[in-house]
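The next part holds the structures, each set out as C-alpha cells.
Below are two complexes that have chain A in common, paired first with chain B and then with chain C.
What follows is the complex of A and B.
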C-alpha cells in the first residue's frame, strides 16, 4: 500500500507572489519528494527579441522580463551589445549605472524581507518594511522618472543626468533607510517570530550549495563566497567599497541576515558613489551594427544573471539567451524542501525570493 | 513592555504614511516621465522619432489634408498612441530639434474606455503605413 500522499502548493497560493507549482510527496508531515513547474508566465520574450525588435530597442524589451530586476536585465543586454560595438562608456555613466543597480537591490531585498514577515504571520512588520521601501521608490522615481520600469540605460550610456537636488534627496533618504534597516537587524535577530522560529528551518549546507549550484543570497547564506560583483572588471565595484556578505548557518534566518547586510553594504556603496561622482558626459556616440557573440554576467538581487547575444551584422539579432538566477537555483530549492515539514514550505519558499517572471520569461 | 505600551499610545496621534488620494493630489515632480508632446510648426519631418520608437507608438501617415508646413513635402500627418508608448523618450533624444518640435511632459494619458476604440483606430493607421 502507498504510504505517501501528494499535496500541491500553487499554482495559485496565498503565500505566493507569482505563479509556481510545487508538488510535494509527503509522508505524514515530512516532505519526501518534490516536483516543480515554473512555466506559468511564459511570454516568449527571447523569440520576440530576435523577430520583432531591432537591436537598439531590445534593452527596453528585456527590461520587461521582470519588474524587480529590470535594471539588471537592461544593463546586461546593453553591455553585451557595447562589447560587440566596441563602445567605451564614460566613467560617470558607469557610476550612475551602479547607483541605480544598488538602489534596485535595496528595494528588491526589502520586498523579500517584508514577504518573509508576512509568511511568518507578522503583518505589522510587513506593512512597516513596505512603507519604508517607499523612500527608495521615491528616489528611484526622482532619478529615472519612473518607480519600477526605469528605462534608464541605453546603448552608450544612461538616459538622464543627476543634479545636486536629486543627489541630496538620495543621500537624505538613504540615511533614513539605513536607520530603519538597523532596526530591522534587531528585529530579525531577536524577535521570536522572525529569528528563533526560522533557525535550522530550510537549511542548505555548504557542500550541498556547491553541489546543487546555488547562487546569490541563497549560496552566500550557506557560506559559499560567490558574487559576480567580486568577479567582473566592467563596473568599478572594487573602488566603492563592495564587501562580500556571507553567513554559515544556511537556514531562513541566515538568508534574511545576509539580505539585511547586503542592504547596508549597498547603502554604503551608494553614499560612496554620490560622494565622488566624476564629471563628464553621460552618453557616448556610436555607429555601426553589432556582429559576433558575447556573454555577459551580472549580479541581480537574486544571483547571477547571464546574457548571451549573437549578432550577424544586421539590425535584427540572431539569438538572445537569458539565464536567470531563479532558474539556476531550482535544483537547490528542491533539495532544501526534502525532509522539511509541509507547514514550513511557504516560509521556506518566501526565503528563496523566487522570481518566476524572470524564470519563465 | 512599558515601551511597547508607550509606542502603541503614541501611534494613535501619528499621521498615516499613505495619502488621502482623491482628496489630496499625488505629489508630482517636473521630471516625471509622461506624455510625449509635439509641435507641428517646428517639425522638419525627418521621421527619426518614428524609427527610434521601440514599441512603434509614433506613426507618420499620408493624409488628404496635410498641414501647410513647407518641410512636409510628402503630405504626412503625425500620429501618437499614448497607450502604446513606454515613455522612454528615445524619440526626444533622436529628434534634431528637441524641446521645440518634440518633448516629454509629466502629464498622464487620459483613461481610455472600450467605446473609444483606441486599438482598432490604431490598427487602421498601421495598415496605411
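What follows is the complex of A and C.
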C-alpha cells in the first residue's frame, strides 16, 4: 500500500503573497495529486458592474480588478462598449493604448522573473530586476499619473496626451531597460545554478498545452502559437513590429526566456510607436447608449483576458463577464505540478505568474 | 461573433463534433440571467491564429435544469463549470460547489441580476 502525505501550499505562503491554496498529495518528495482552492476573497465586481455603476463608469471599476494589468481590463471593457456604440477611435489614441499596454507587459514580466528567481533562492537577481523595474514604473507614472492601476483609458480614446518631454524620458528609460534585459538574457541562459532550478522543471508539453487550453507565456513556452495580439483587429499591432515569442521546452526556463524575449519585443514596439506617433485628437466624441452583445479579448501579461458585455440600450448593463488568464489556467497549473518534486513547487508556481487579484474578481 | 442555439440535450454532442482541440481554443462558459427565471448558458470558443473568429454555443434553461458536463471533451472546462455552479446556483454534472465562494459568502450572486 502506498503511503502519501498531504502538504498545503497557501493560502498564505511565503512564495506567493496572494490567497490561493494548492493541496499536494506527496509520495516522499514527489507530487502525485493536486487540489486547488481559489475561493478566498471573491469581490463581486461582475455583479457590481450591472447593479451599481452606469456603463460609462465601469471602465474605471474593472481597472480595480487587478492593479498590475488594470490597463488590459479597462481597455477590454472599453473596446467591448466601443464595439456596441460603433465608435472608431483615432489612430493616435490606438497607439497610446498600445504604448501603455506594452509598458505594462514589460514591468509585469519583470515582476514575474524577479519572483521566479526569489523562489528559486536567487535573491540577488530578484533585487536587481525589481530595482530595474522602477525605470518602467517611473515612465508609467509620467504617462498616466499612476505607477499602477491607471485610469488612462476612456470610451472613445485615452485621458492624457503625451508630450515631447515624456516621450524623450520613455525612450531613454527603455534604452536603459533594454541594456539590463540583455544582461538578464545572458544570466538566465548561462548561469549554471539557475539552470539547475529552471531547466526540465515544471514542463508542459505542446499537446498538453492544447488539451488544457493553456494561454499566455505558459502556452507559448510550450510552442503553442497563441497570442491575442495576433488575433485582434482593434489595435494595429502588425504595424509596429509585433512578433510572437515561443519556445519548445515548456519548462520554467522556457517561460523565462519567452518573457525576456517579449520584453525586448515590447521595447521595440514602444520605440516604434514613439518614433511615428500620429498627430490628432486623443478622444472621439460619441452619442447613445450601448445595445447588444460583444466579446472582446486582449493579451494581458499573463495571457488572454476576455470580456463579454450585454447591454439593453439603457445606462445599466445586463451582464459583464470577465474571464481572467490565471483562473482559466488553473487546470493546466494542476497538471504541471503532477510528478514534480514538492521542493520545486514554489519556483514552478512563480513561473506561472499567477494573479489572484484577477482570479477573485 | 457567431452564436449557435442548441438544446440542452444536444449540447455535448454539438460540442463534441465541433471541437478540434488543435484548431479551436476553449475560452469559457458564461451565464446570462434572463427574464422569467431563465438562464442563458454559453460555451465560448475562438479559433487559433485567426482574426476575431469567435463561436458561441448557447442554450436557454430553467435554473432547475441539470447542465451536462463537457469535461470529457475539454478537461479544462471544469473550472468554468464550477464557477457557473457557484455564481448562478445551477447544477452542472460532476461539478462541485464551493470553488469560488465560501460557505459564509452570499450564494449564487449573479442569479438575480435582472430581478
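Everything that follows uses one rule, which is that the second predicted complex is superposed on the first by the 358 of 361 C-alpha atoms of A that agree within 3 Å, B and C clash if a C-alpha of one lies under 4 Å from a C-alpha of the other, contacts with A are read in each partner's own complex, and residues count from 1 in each chain.
Keep this in mind: a residue touches a chain if its C-beta (ideal position, glycine included) is under 8 Å from a C-beta of that chain, and two chains touch if they have at least 3 such contacts.
Predicted model, so just to flag it, every value in this text is computed and none were measured.
Contacts of A:295 after superposition on the shared chain: chain C is touched, whereas chain B is not.
Look at A:61: by the touch rule set out above, it reaches chain B but stays clear of chain C.
Once the two complexes are overlaid on the shared chain, A:25 sits clear of chain B and of chain C alike.
Chain A has more of its residues touched by C than by the other of chain B and chain C. In the superposed model, A:38 makes contact with chain C only, not with chain B. Contacts of A:213 after superposition: chain C is touched, whereas chain B is not reached.
After overlaying the two complexes on the shared chain, residue contacts for A:142 are found with chain B alone; chain C is out of touch. Contact residues on chain A toward chain C in their complex (touch as defined above): 37-40, 42, 44, 46-47, 50-51, 210-213, 215, 225-226, 230-233, 293-295, 297, 304, 306, 308, 310, 318-319, 321, 323, 327-328, 330-332. Residues 53, 56-57, 60-61, 131, 134, 141-142, 144-146, 149, 151, 154, 159-160 of chain A touch chain B in their complex. Residues of chain B that touch chain A in their complex: 17, 29, 31-33, 52, 54-55, 86-90, 93.
Considering their complex, residues 1, 21-22, 25-28, 30, 32-33, 42, 44, 46, 48-52, 54, 56, 74-76, 78-80, 83, 86-87, 98-102, 105-106, 109-110, 113-114 of chain C touch chain A.
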